[in-house]
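First chain A sits with chain B, and in the next complex the same chain sits with chain C.
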Partner chain A sequence: MAHFTKATSIKDWLNQRLAIEKVEKVMASEYWIPKNINFLWAMGMVLVITFTMLLVSGIFLLMYYQPNVNLAFDSVNYTIMREVDFGWLWRHVHGVAASVVFLIIYIHMFTAIYYGSYKKGREMIWISGMLLFVAFSAEAFSGYMLPWGQMSYWAGMVITNLFSGGSLHADGLVEWIRGDYVPAQAFLNRFFMLHVLLVPLAIIGLIGLHFGALRIPHVNNQDGEEIDFDEESKKYLAGDKAGSKVIRFANDFMSKDMLVVAIYLVFFFYLVFFHYDFAMDPVNFDPANGLKTPTHIYPEWYFLWSYEILRPFSTNIGLMAFAFAQVIFMLLPFLDRSPNTVPASRRGLFKYWFWAMLIDMIVLTAMGKVPPIEPFGTIGFYAALTFIGLWIALPIITMFEKKA
Partner chain B sequence: MKDNSRRGFMGKAFGAVAGVGAVASLYAMKKSWDPLPSVKAAGFTTLDMSAYKENELVVEKWRGKPIFVLKQSKEMLDTEGENMSKVTGKTTATIDKTRLIKVGDAHYMVTIGLCTHLGCIPGYNPDKKSFLCACHGGMYDDTGMVTKSPPPRGLDIPPFKIKGNTLVLGEEGPEYKKMKETGITL
Partner chain C sequence: MKNKEPLILAVVVFFTLATYYLVEPFAHSQMHKHFESEGFAYKDLPAITKTGDATRGKELVMGAGACTGCHAITSQGLQAPMDAVTSASAYGVNPPDLSNAGAVYDARFLNALIKNPAHALMVEHKFNPASGKTHPMPQFYGAGGDLDQEVADMVAYLESIAPKADKLTPTMAFETACGRCHAVHYEKWTQIGEKPAFKKKQDELAFETNVLNYQDSLAKYMGTLPPDLSIYIRSRGEHYIKTFVENPQQYLKGTAMPRVGVNAEAADKVIEYLEDSGDAKRHERESVGKNVMVYIVIFAIFALLWKREIWRDLH
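Our next item is the complex of A and B:
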């Protein structure tokens, strides 16, 4: 049995039982971060803060929301918006954060792609990150159902219909997912459950995995340099702080992280107070009506690129292209055949691949927003082909990449 | 060695119990997500076919889904040949009559009013006598036959039974069974 002595302080008492000093070292003061990084490395913390805001605002919304097809719309648009003191604040924080979190996720993703932070032992960071993206997508979709407006209903109809698998015609599966022939009470209730319990649990678990995946390979840096973290941290602890390539996570790196967070929060609350409408589709302020399709159905902006990959093709090919788009980012560490872990700017053809992919996704996003008329249909079609083509080209161009 | 085989046995015994339990609970979970009996039982819709006007789309409701009823005028029946399907490349004339339901002396288009692509509700234009789905631009003619992709097939026809001047949706009559056999609807 472990030996316990009379505690000299509360801290000592806790330390004997929970080793809090050791935990603090492992998690913060002796968790080492490279010095050679920039503000893009703060996106992880920005995401943590945004997720926390989603959780807190969600808790308050949950206290008044009614998951019932007859009451849901009014519980959001009347009870929460008009009766509950500051109910509007929780709703707008929740809506804006749900939208902005994807903007940050995309920046976080493309930062990783640019600096090669998915290679050389960092594959699990990338994969767990992409699983988080999938979980966040499920969370965003299930949450979008809850106000039970026209867009909720019809997005629910269209997305659940994807599971019929085109010509496979698996209507039984679609009805099983809905619990009804059309989205109705059973559907709303189960997506409510998914939104407030199952998917958030998965997200929290995956965040744990994502952080855990960072421990061994450590954070990448601006030059993709392989740093000996043991060596550099010894140097730092011995007093050579200037010569060491690493700093403590807390409070040293955290202080910069939190400065970026502060700037972000100013932007975030500017949106919450003055431009929340961008995250609130006007069509969703009409109650759900199963007998009337809105004239133009489109998803929220963060799903537009994958929606546009589905749209220009016939059903089966569209579904295959869509499925391809959903999983292909997950495979990035294995499709990139080059051993170079350096910024894209020093990687020959990959530099052009990176920018082409980024621009193509912006084009797809824009084309997904406009109605399916010419010339947008054609532009969208070629942008979708470009997306698929770029992924097919990736292993080839990286295989012939020169060692940097 | 002796211990190992005992542990191995205990491991297998646990594995067997857990396996049975896992399969059983998955089955229960699957069944819990099934549509409820009350949901399944709700719904035979009876339509009085004499009430409809020619070339005027009426949307009825069956099992929560919109049902399109479009009574065909003489002109619509005559001009069938003009409808060219861009999907099959054939005129829809041959398919036309087979998609319509004859009640009394009149022909009706009766379909589930959900686009066969991803389930939006197409809108009807009485002048052009065609349906347009706003979601992804799919089009159908006045018998519900698809004329422009992405929809993979014409509008689905709900199970129906002709009873005198009325149509019962949800029951499978001989005319519906024939449509199913010949592949007119799924």
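Our next item is the complex of A and C:
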């Protein structure tokens, strides 16, 4: 057993038992971050703040939401929106944050792709990040079921149908997932459980893994520079703050994080109060009706690109393409055969690959929402082929990449 | 080294806005028909050529026009000959109380309505010689004098007894224009009136039975039960509701929903009623929103100052 002495202060008392000074060093003051990083590196903190807002607003909504097919719709649209003081505020914060969190996730992802932050020891950061993307997708989808509006019901119907596997006709699996032949009470209850318990637990666990995965390889930087963190941190601690290539996480980088967060929050709250419609589809303000299919069924914007990879093909090929799209990002560190951990601008053909992928995903996103009439059907078809083609080309073009 | 952050920010903003444009304004323009409002002018209906006289109009409304044979004018002490449920079983829908008609409906529309209801209401696809059905409101063929003058007199009378525009409340406008077909359960409104608070369960059940009976007649008459409008302001939006009410056929060819014939002021009142129901906290949202924006901008200024302070030593 450790030796304990009479504490001289509360801090000392805690220090003897919890090593808070050590923890503070490890987590903040001597957690070293490269200095040459831009505001895109603050997206992690922006995500933490957005996730916190989702969690807090979700807790308040949970106190009034009723997971019952007869009550759910009015518990959201009447009780929370009209009866509960500031219920409308929590709902709008929750709805807008759920949409915006995906914008930030995509920025975070494409930042990693651009700067090669998934390579040479950083593979687990990327993989845990992609697992977080999957978990957030499950969280977004299950949450979308809860208001039990028309789009909740029909999105639930369409997405669970995917599990029948086309020609495999795994209808038993679909029924098992739904707990019924169609989305009904059992369906709503289990998606409620997933949304408020199981998936958030998974997300919190994965966030821990994601942060942990950063420790050993350290944060990447915008110049593809290999930094000797031990050497540079010594320089910093010796007083040469300006000459050192690293800075403390707190307060050095944190002060920049907070500036980015503050600017983000101006944008975020503008959306919450004055421009929330994009995140709350009008169709979902009609109560669920299993006898009346909406004219247009489409997922929320952040799922549109993968939806459009499914849609232009025949059922079986579409499902295979969809499955491909779901897992392929996870394999990025292994499909990129180049050893260069530098920005895409210094990586030959990969530079064009990056921008082509970004633009192709935006085209897919746009085509996923509009009705599949011409010319949109054709554009979507070729954009989906381009997506698959780009991934097939990736190992080849990176294999021949010159050492940067 | 050159600061690349403004360029990076521009790239992020550009791709974000491009995506937003494509999935919101662009996609919606491809998915939904868009019609501009005609300003509730009802230009397809004949213009009014005669100046009405309310006194003669009163005689026609009470006498030869036979309006009160079906319609109540409660503001003048005239009750409807039948209650709402019985009326609905006879006509399909309860004929409106005319107390507020002169304030809610456009004069040109009322003129055309009295002469030919199915035409003014845009339901000739339903009521025509081929279908063998006639609109429950009979056409007024005149009381022996000049038809145009007589109709203008009747409209003048309805306008003379109606509340002035500034006295017309959102609830009055909604009840007269929409409330006999559409329930709004967030406002406790049913097709036969506002649901009161009942002391006895028996009374409540009796009321609900009446509502259900009324709804059965209505559903038979309209083909389907018209939807509850509680949060239509969120599901459809102001523009759609206004242009739909102006001309339902342009959106839904063949719909049983009649052109309502409200004037522009009454349309605004109806929208206000729907906002009170479906977007009740909008004023609070705007005022809280402004305060939050001010707070968060101040927070951003402090964040900027803190960052500068910390980074002074790091450069």
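Convention: the second predicted complex is superposed on the first by the 404 of 404 C-alpha atoms of A that agree within 3 Å, B and C clash if a C-alpha of one lies under 4 Å from a C-alpha of the other, contacts with A are read in each partner's own complex, and residues count from 1 in each chain.
Quick note on the criterion: a residue touches a chain if its C-beta (ideal position, glycine included) is under 8 Å from a C-beta of that chain, and two chains touch if they have at least 3 such contacts.
All values reported here derive from a predicted model rather than from experimental measurement.
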{"item": "Room on chain A for both chain B and chain C (clash or fit)", "value": "fit"}
{"item": "First, second, both or neither for A:234, with chain B first and chain C second", "value": "neither"}
{"item": "Contacts of A:315 with chain B and chain C, given as first, second, both or neither", "value": "first"}
{"item": "First (chain B), second (chain C), both or neither touched by A:17", "value": "neither"}
{"item": "Chain B versus chain C as contact partner of A:25, first or second or both or neither", "value": "neither"}
{"item": "Touched partner set for A:296, first chain B, second chain C, both or neither", "value": "both"}
{"item": "Chain B versus chain C as contact partner of A:265, first or second or both or neither", "value": "second"}
{"item": "First, second, both or neither for A:278, with chain B first and chain C second", "value": "second"}
{"item": "Which of chain B and chain C A:179 touches, first, second, both or neither", "value": "first"}
{"item": "First (chain B), second (chain C), both or neither touched by A:215", "value": "neither"}
{"item": "Comparing the two partners chain B and chain C, which touches a greater set of residues in chain A", "value": "C"}
{"item": "CA minimum distance (chain B, chain C), superposed complexes, angstrom", "value": "11"}
{"item": "Overlap of chain C and chain B interfaces on chain A (superposed complexes)", "value": "295-296, 371"}
{"item": "Partner chain A, residues of chain C touching it in the complex", "value": "1, 4-5, 8-9, 12, 15-16, 18-20, 22-24, 26-27, 30-31, 186, 230-231, 234-237, 278, 280-281, 284-286, 288-289, 292-293, 296-297, 299-300, 302-304, 306-307, 309-311, 313-315"}
{"item": "Chain C-facing residues of chain A, complex", "value": "35-36, 38-40, 77-78, 81-82, 88-89, 92, 103, 107, 222, 241-242, 247, 251-252, 255-256, 258-259, 261-263, 265-266, 269-270, 272-274, 278, 280, 282-283, 285-286, 295-296, 301, 304, 358, 362, 365-366, 369-371, 376"}
{"item": "Residue ranges of chain B in contact with chain A within the complex", "value": "30, 33-36, 39, 59, 61, 63-66, 117-123, 134-137, 149-152, 186"}
{"item": "Chain A residues touching chain B - in the complex, by the definition given at the top", "value": "154, 157-158, 161-162, 166-167, 169, 175-182, 184, 186, 190, 290-297, 311, 313-316, 318, 371-373, 377"}
